[in-house]
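Take a look at the structures listed below.
Here come two complexes built around chain A, the first alongside chain B, the second alongside chain C.
So, the complex of A and B:
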């Protein structure tokens, strides 16, 4: 990368990290502390393992999806159906396990994982095939499929809440042998998915092609790229991440309903956009999308821990999203100016 | 020259990035005349028309309309001074009706509600002024081009335009539609309208115009009454510059085996029955005026035109015309005409643009090897002398010449046997141009075949082994290098009997 661009690119990432650290510091200072009953020591209300892990866990469910959504956004599209794919994958998995009743916990977990990933992938493929084959704007296709997928989950589950086997919960809520009530697995999955997404985007031919299509689809076609195939792949990956999130989320909470993850699609898009993805395509990164998700959760956390009126949560989060994007655009425009000069 | 000209151009100059489009252009247009602006592709005739219409502002010089110096910041300024333009790209809001478009900006309204009856009444009045019977309630987007043009004329006349600029008005009209247009222009003239007619179609100019101004390379060559200038003389004025003969090395070699054979290539409305062949070591030039179908043929060969029919063989093997990736598999590449729209992903850097068509070659199992990619990008940056801080420089920040070199490099890196180059030196400075010419020669020398499309006659003549001349989507002649002169080509291109 060109040094200037690299600097700006990093500036954006470090900017996000800076804001997250700043917010964390504010929380640490103002959240107060309490006395731990077991040890008798004073513990900061925010800066402790339990709260930090919990914050990361809260972020993980939609941060995982944000990695896939960012790829869609980089390609110049949008995916509004990820929340519904989450619900459909989750309820299908829960119902299947209820009727199959495997005795072996290993088989249970494996089947659950395959089901969630498979359904996520299939739903994403359906989105992609329709976007490419019908030549309808992805906003419309995924808006429609958002209701269709959730509707299928609703009809199948008859709006019941379905418990999942304990085998799943114990895997996702593993404490890795420690005695404390820390469940780091969702966070680790989030980090792993982000890392894989980042590598995929920056190091593979497909990843490069996604940026190219989003940057200039005509020039990509004139360079012999198969736009249709690439786009179908992008939507499939977005569905896949929704499936992963469903496996982790449903197992963590222990039950599935067709109303799970309602409205998550907007959090997911917000995370990608706060992370600097441009809705006109060609720009975005997996790591930044994850950081965007963490930032949004942290803002929510701040409202609660600092005892702001919780009724203002949506207003504050909404404003934060707009401010983040305005700042990012300002940054881009300054870069363009610098480029034009140099 | 008239004593009281309606328009006087005085030392007009205009620069675009990388090219001086106009330089010190001065001449007068007589009141009530029909004044032709002629010249080769890229001579600056359209630019001059657009300056008069307020679409561009000149960098130098003065525009004097009716004795007063004017400076237009926008087309509406020009409109207020009584100047309208009929121009293909400057269309209307296609989603609105004819009536709404005609009254746009001055919609008759009563208490914020548009008065439909008044709107239609006015629109009919405007259309009647040019004897047109177009239904004003139709959507502009649903009208054929010829009628959209009439709406433009009606709009200009309704604004009280006394000067109308016609920019290549017949380029997408049928013969009959053109006849109607000519009649309308003649009739507008009797109403005191001065017409500026920008075209390179000589027969139209001789039918319609009384005065001809010729531009060449952005400079004014001369303004003469039609009666004093025959077609041969006009062609001479348009070509003008002497051909600096240049003999690229590939001419010495004997053409090798056949690389590309095209049989009866047709695409509805674009070109028909195009047949030719290209041998190894040859540069085949495509000459023709804008709209002759050269770029369209190139795009069809590269698999970008789904409607194209015909048989194409590369190295003796049939090549389906479905997708660029299929063409690339047959070792056919194309450097497109519009580098910003089709050649580059502007937000990507030089390395990423260079490797875009061939990224799989620098990758194992879908995994890009950065070192291999960098090496190739660097190789072509050095070979082409791209002036940029590094291969990591973003394409958007490069000059036109350097962008063009990146596009060329990207296709050189693809190792094509047949390379189509469409206007490879447009908007490129002199030094870069010579380098690009050298590269094309070298490609041919190495036993590849090059299809060269260029609007610059000296470029086509100097570089090509043979030249095909196209006109209105058909091949009108094949000229060998030995017999090629600017004059013979220009005559074939313009459809004059040689």
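So, the complex of A and C:
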């Protein structure tokens, strides 16, 4: 086999990409077609720009958070509070913009972005400081903070649904000159966050430290790594990505409530795990987490497009997650055996 | 028969099939996406039954094929509703019928659908700022007032009451609470101890009622602005009809024992079957018959009590509900 082709097949992402392509091919063949109301042409129900962009958009909110959550998982921790950080950042941003009423759209967008990112970062820092300072398992800390953050959003917003200014929606729903109702910005943000996450994890010293801690925290401590500082940074980054997702999501849908992103933490963790992240730490990748999110959304899409009874959605997604993880573990064991023999 | 003869027969069959299929294809199909708040709430399952019944009847009447495309999320999530509106448009559905979990979140998706030529109608919970062409449902403020008025009659105008209010983000439920409070102000002897929100599943709602009863043992009246806890049997044994009276919106089969036992002497039924039935009629009126459809069509509440329990049970049965207890069907 040609070395380049072999490298592509051996790449960490190749399995997930193959599964996504296979599912895409099945959907293209079996999802049927319809006549487009505007052009009068027959359009494949799956393989069209609108559906593909929509699928990527739906995945983007999970995927952006999954990049940060993957870093936490690689470090050997877990972050259950990302959905609540999303809600808190979103409601705070919406309430602040409602009070301040900026006339300049640029200022509106800038302030909204700073608020979402700032609150996400602060919440993440709080998680990190407590995990390190209190020496309590991150599952417990982030479980507690999940309710605390959502509770603050609830009390602050009085459970109201708060509309965000049109300036925000028009930025996130920009069409870049394409036909209407084709909004690629959330997808582009997802790609950008994933790329930055991948570079951070694989090309920077800080990123390698995260793998080191997750792989063997004791060895990392003895080798002089400042575990506390690195862990706080990891949770801060997870909060930051939740803030980015909140900015994109709330602006895209046009309103914020304290109930936003309820239960999304499980989709986020599932995305990371389907992407090959190990809950025992030391393993995972930003690109795979994004692909994991895309795969989960694609499975949801497939249930509808192939006209399966949607009551089976949870069973199918749950089974897919278990199968993906089992296959990944099998692959890891086989690779280890092969290496041991060779 | 020689080979040529066989070939002619095969070709003939193919030609007949082709002609038949072309006739079959000639029948116009109208696909209506139905997106309710969540697929575990029986009221939305009733709406689906109604929509499918209307689709069947209108298909036969107008010689078209009307299909209901059920796209309701398994749990309540306005963001997922917005995604499903976009998916329905992308997959070529001809119209969309939605009960909005949160108007603000779905307004953009509704407007995008309308911009792409797909008419959208709302039922039960509206998105009034959107470009939907029509809404069908009760007047929520009036519904809240009716609940309170009936409860005040049951309590003789005095007592401590609580309000069970469902999802705090649903604008229609918030308006019902407003109506209930507004009406309660007319009764100086009645004190509202609190408004209690909860996850809109029967189990969560019943648990919330019991929690509140433990915290405020002197409550003697409940206004349920949705019938969630009455879909369980829990409160049949845990509430004493001599101490607590409930007036609730909705009156599906599972709730009828509460009327019989006197725990909920009055239920104000939304004809949830009609959410689907009437809405599909309106969509076909607009889409196929090109008729003008009023922007708002109000649904009247039906007062269900011991006096008309049998009549109401038979009405539910006639609407296709298969779980109506036999003993109620036999009542006069």
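Details
One rule holds for everything that comes next: the second predicted complex is superposed on the first by the 329 of 342 C-alpha atoms of A that agree within 3 Å, B and C clash if a C-alpha of one lies under 4 Å from a C-alpha of the other, contacts with A are read in each partner's own complex, and residues count from 1 in each chain.
As a convention for this text, contacts are C-beta pairs under 8 Å (C-beta built on N, C-alpha and C of every residue); 3 or more make two chains touch, one makes a residue touch a chain.
Just so it is clear, the model here is predicted, and its values are computed rather than measured.
Aligning the two structures on chain A places chain B and chain C next to each other without any clash. Residue contacts after overlaying the shared chain place A:333 against neither chain B nor chain C.
Applying the stated contact rule after C-alpha superposition, one finds that A:212 touches chain B and leaves chain C untouched. Contacts of A:282 after superposition on the shared chain: chain B is touched, whereas chain C is not.
A count of residues in chain A touched by chain B and by chain C gives the higher number to C.
With both structures placed on the common chain, the touch criterion links A:220 to chain B but leaves chain C unconnected. After the chain A superposition, the centres of chain B and chain C are separated by 130° when viewed from the C-alpha centre of chain A, nearest 10.
Of the two partner chains, chain C is the only one touched by A:54; chain B is not. Of the two partner chains placed around the shared chain by superposition, neither chain B nor chain C is touched by A:137. In the superposed pair of complexes, A:203 makes contact with chain B only, with no contact to chain C.
No C-alpha atom of chain B lies closer than 33 Å to one of chain C in the superposed arrangement. Across the complex, chain A is touched by residues 302, 304, 323-325, 327-328, 334, 336, 341-349, 352, 355-357, 359-360, 363, 366-368, 370, 389-390, 392-394, 396-397, 410 of chain B. On chain A, the positions that touch chain B within their shared complex are 1-3, 5-6, 203-206, 208-209, 211-212, 215-216, 218-226, 282-283, 336, 339-340, 342. Residues 39, 70-72, 74-75, 77-79, 82-84, 86-87, 89-92, 102-105, 107-109, 112, 115-118, 167-169, 171, 197 of chain C are the ones that touch chain A when the two sit in their complex. Residues 31, 33-38, 43, 45, 48, 50-51, 54, 58, 61, 159-163, 169, 173, 180-181, 249, 252-255, 257-263, 301, 304-305, 310-311, 313-314 of chain A touch chain C in their complex.
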